[in-house]
Amino acid sequence: MLLYIYLIAITAEAMSGALAAGRRNMDLFGVSLIAFLTALGGGTVRDVMLGNFPIGWTQHPPYIYLTISAGLTTILLARIMHHLHRFFLLLDAMGLIAFTIIGCNVAQGLDYSLPIVVMSGITTGIFGGILRDVLCNRTPQVLRHELYASVSLLVALLYLLLRDLGISENINMLASFVVGLSIRLAAIRWHWSLPVFSYSPERWRS
Amino acid sequence: MLLYIYLIAITAEAMSGALAAGRRNMDLFGVSLIAFLTALGGGTVRDVMLGNFPIGWTQHPPYIYLTISAGLTTILLARIMHHLHRFFLLLDAMGLIAFTIIGCNVAQGLDYSLPIVVMSGITTGIFGGILRDVLCNRTPQVLRHELYASVSLLVALLYLLLRDLGISENINMLASFVVGLSIRLAAIRWHWSLPVFSYSPERWRS
Amino acid sequence: MLLYIYLIAITAEAMSGALAAGRRNMDLFGVSLIAFLTALGGGTVRDVMLGNFPIGWTQHPPYIYLTISAGLTTILLARIMHHLHRFFLLLDAMGLIAFTIIGCNVAQGLDYSLPIVVMSGITTGIFGGILRDVLCNRTPQVLRHELYASVSLLVALLYLLLRDLGISENINMLASFVVGLSIRLAAIRWHWSLPVFSYSPERWRS
């Protein structure tokens, strides 16, 4: 079940990467690379951070093909993409939650302590988008808009709490998705966001 | 002793990260992430470069809490931050030197050769600031202003030379701090900098 | 033979890094760092991606000195650099091919599967340039101009195919260089490029 959601998630992330590449007028190779990195970059950063080699996708080439195909297909769909906007945000939110749960599980399997397990979940959830934005030369969006990274944090905490309480894995995942999706979609609907820190000094340098 | 300076250093670096995030109008999560990465990113890049797993901070969660707290506290202090400007530059300089010495020691403990030991020191010293600037979408400051990275290089060389000469660790660290701080603060005071390479071709591409 | 081409390649890449640093008015330290990362960053990203520690250049300090020297020498040559433009593109193309072949061999030596071997070749070929552009705060050039990353992909496929067919290593490398250089130089001469995906939505966010 989580695997299916994961496949949907990396597809959705790859498409968001392709669109960002398109805004920078990248060629087909650039679109493929950004799609791949947006989808699988979060897990890559997580595996490097945890010293978890070989890195996940290197053992599953089909994930590579899937993300690159999704990226290239996005080019064909570009004109109708804005009609799919809401559907897309839903897929993206599902992906965020799936990535977070997977990231927690990977770190826990390696016996890392709780704070690192949480950070592993969040890293898996948001770093694909951060890599996408760094490579497309823009300030990371996930750190500025409606609740996104915070949803990842919340889902990680909830998931680990329920597991600790002995809740069965299936019910736990269901709860994580219901709560995570609700908050994320409500945040989009009513523009919930964390307070923003705006700093514009005259004299501060460095 | 070096531990205390290290704690001061990651606090100061986290605060500089938070201010950079504030200039990009990031939310609380973004401020926390940039604060964390500015403070602990240099050591992370060093550990990955040296294949030194598990990465340092994953074994010391309190460092994570400290840097995130420092980042969030910075928001409250933002208005008075420019009054603390000089004090801050002092802390930052101490951090640069502490990071450099720690980085040298980590690589030496892994039996890397001298040039890699020096690069490990510099990487620990400056890569937090480089990650901060890349994520905040600006050209890395540490490579453009008053002597900064060069101070890290100099401290690394001095520290390793004195150790080779059999000077006791305490005196060696004292000497590294005195020389490093003097040069860095003098560089700030009198605007010492390395020559700059300005290249603006008409015809060169790539 | 491949070693000599490799040395020429990292020299050429270091010089291209130095010029990019010069456009951002970096100081001597920045020029050295960007030169180093442009030349050896592709191999570094590859080794981290493959979990191949210790990272190549940490065992060969002369490569570090060579790339930094090449970077600093570029400053002296800056005025005549545009006269060398064509020669430089040739060196850069040779470097791309050498990097690609080396990258394939490293992954194959670690028993990775074919798709990862190809990705290892491309990563070695293009990621130095990507790191250079990210640190110099511009959109990666290799993903936007005349066939470049695609040449790396093609060379990787050809090289692995010929090896599979039992062609001797020397002839295989010769073929890879002849085909790779021809395509790359033809692409520069006649402005061959992959189709570009340009996406400029009104309503799409993230």
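Think of it as A, B and C in the order they're written, each chain with its own count starting at 1.
Throughout what follows, a residue touches a chain if its C-beta (ideal position, glycine included) is under 8 Å from a C-beta of that chain, and two chains touch if they have at least 3 such contacts.
Quantities reported herein were computed from a predicted structural model and do not represent experimental measurements.
A.B. asks: Could you say what rotation angle superposes chain B on its sequence twin chain C, using C-alpha positions and rounding to the nearest 5°?
C.D. replies: 120
A.B. asks: More than half overlap in residue numbers between the two sides of the chain A-chain C interface, or less? Answer same or different.
C.D. replies: Different; most numbers are used by only one of chain A and chain C.
A.B. asks: Please work out the Cα centroid separation of chain A and chain C, and write it as a whole number of Å.
C.D. replies: Once rounded, the distance between the two centres reads 29 Å.
A.B. asks: For chain C, which residues are shared contacts with two or more other chains?
C.D. replies: In chain C, the residues touching two or more other chains are 48, 134, 137.
A.B. asks: Over in the complex, which chain A residues touch chain B? Could you list them?
C.D. replies: Answer in residue numbers: 48-51, 112-116, 119, 130, 134, 137-140, 143-144, 149-150, 153, 193-206.
A.B. asks: Contact residues on chain C for chain B in the complex?
C.D. replies: Residues 16, 18-19, 21-31, 33-34, 44, 48, 53-55, 58, 61, 64-65, 75, 78, 81-82, 85, 89, 92, 129, 134-137, 141, 145.
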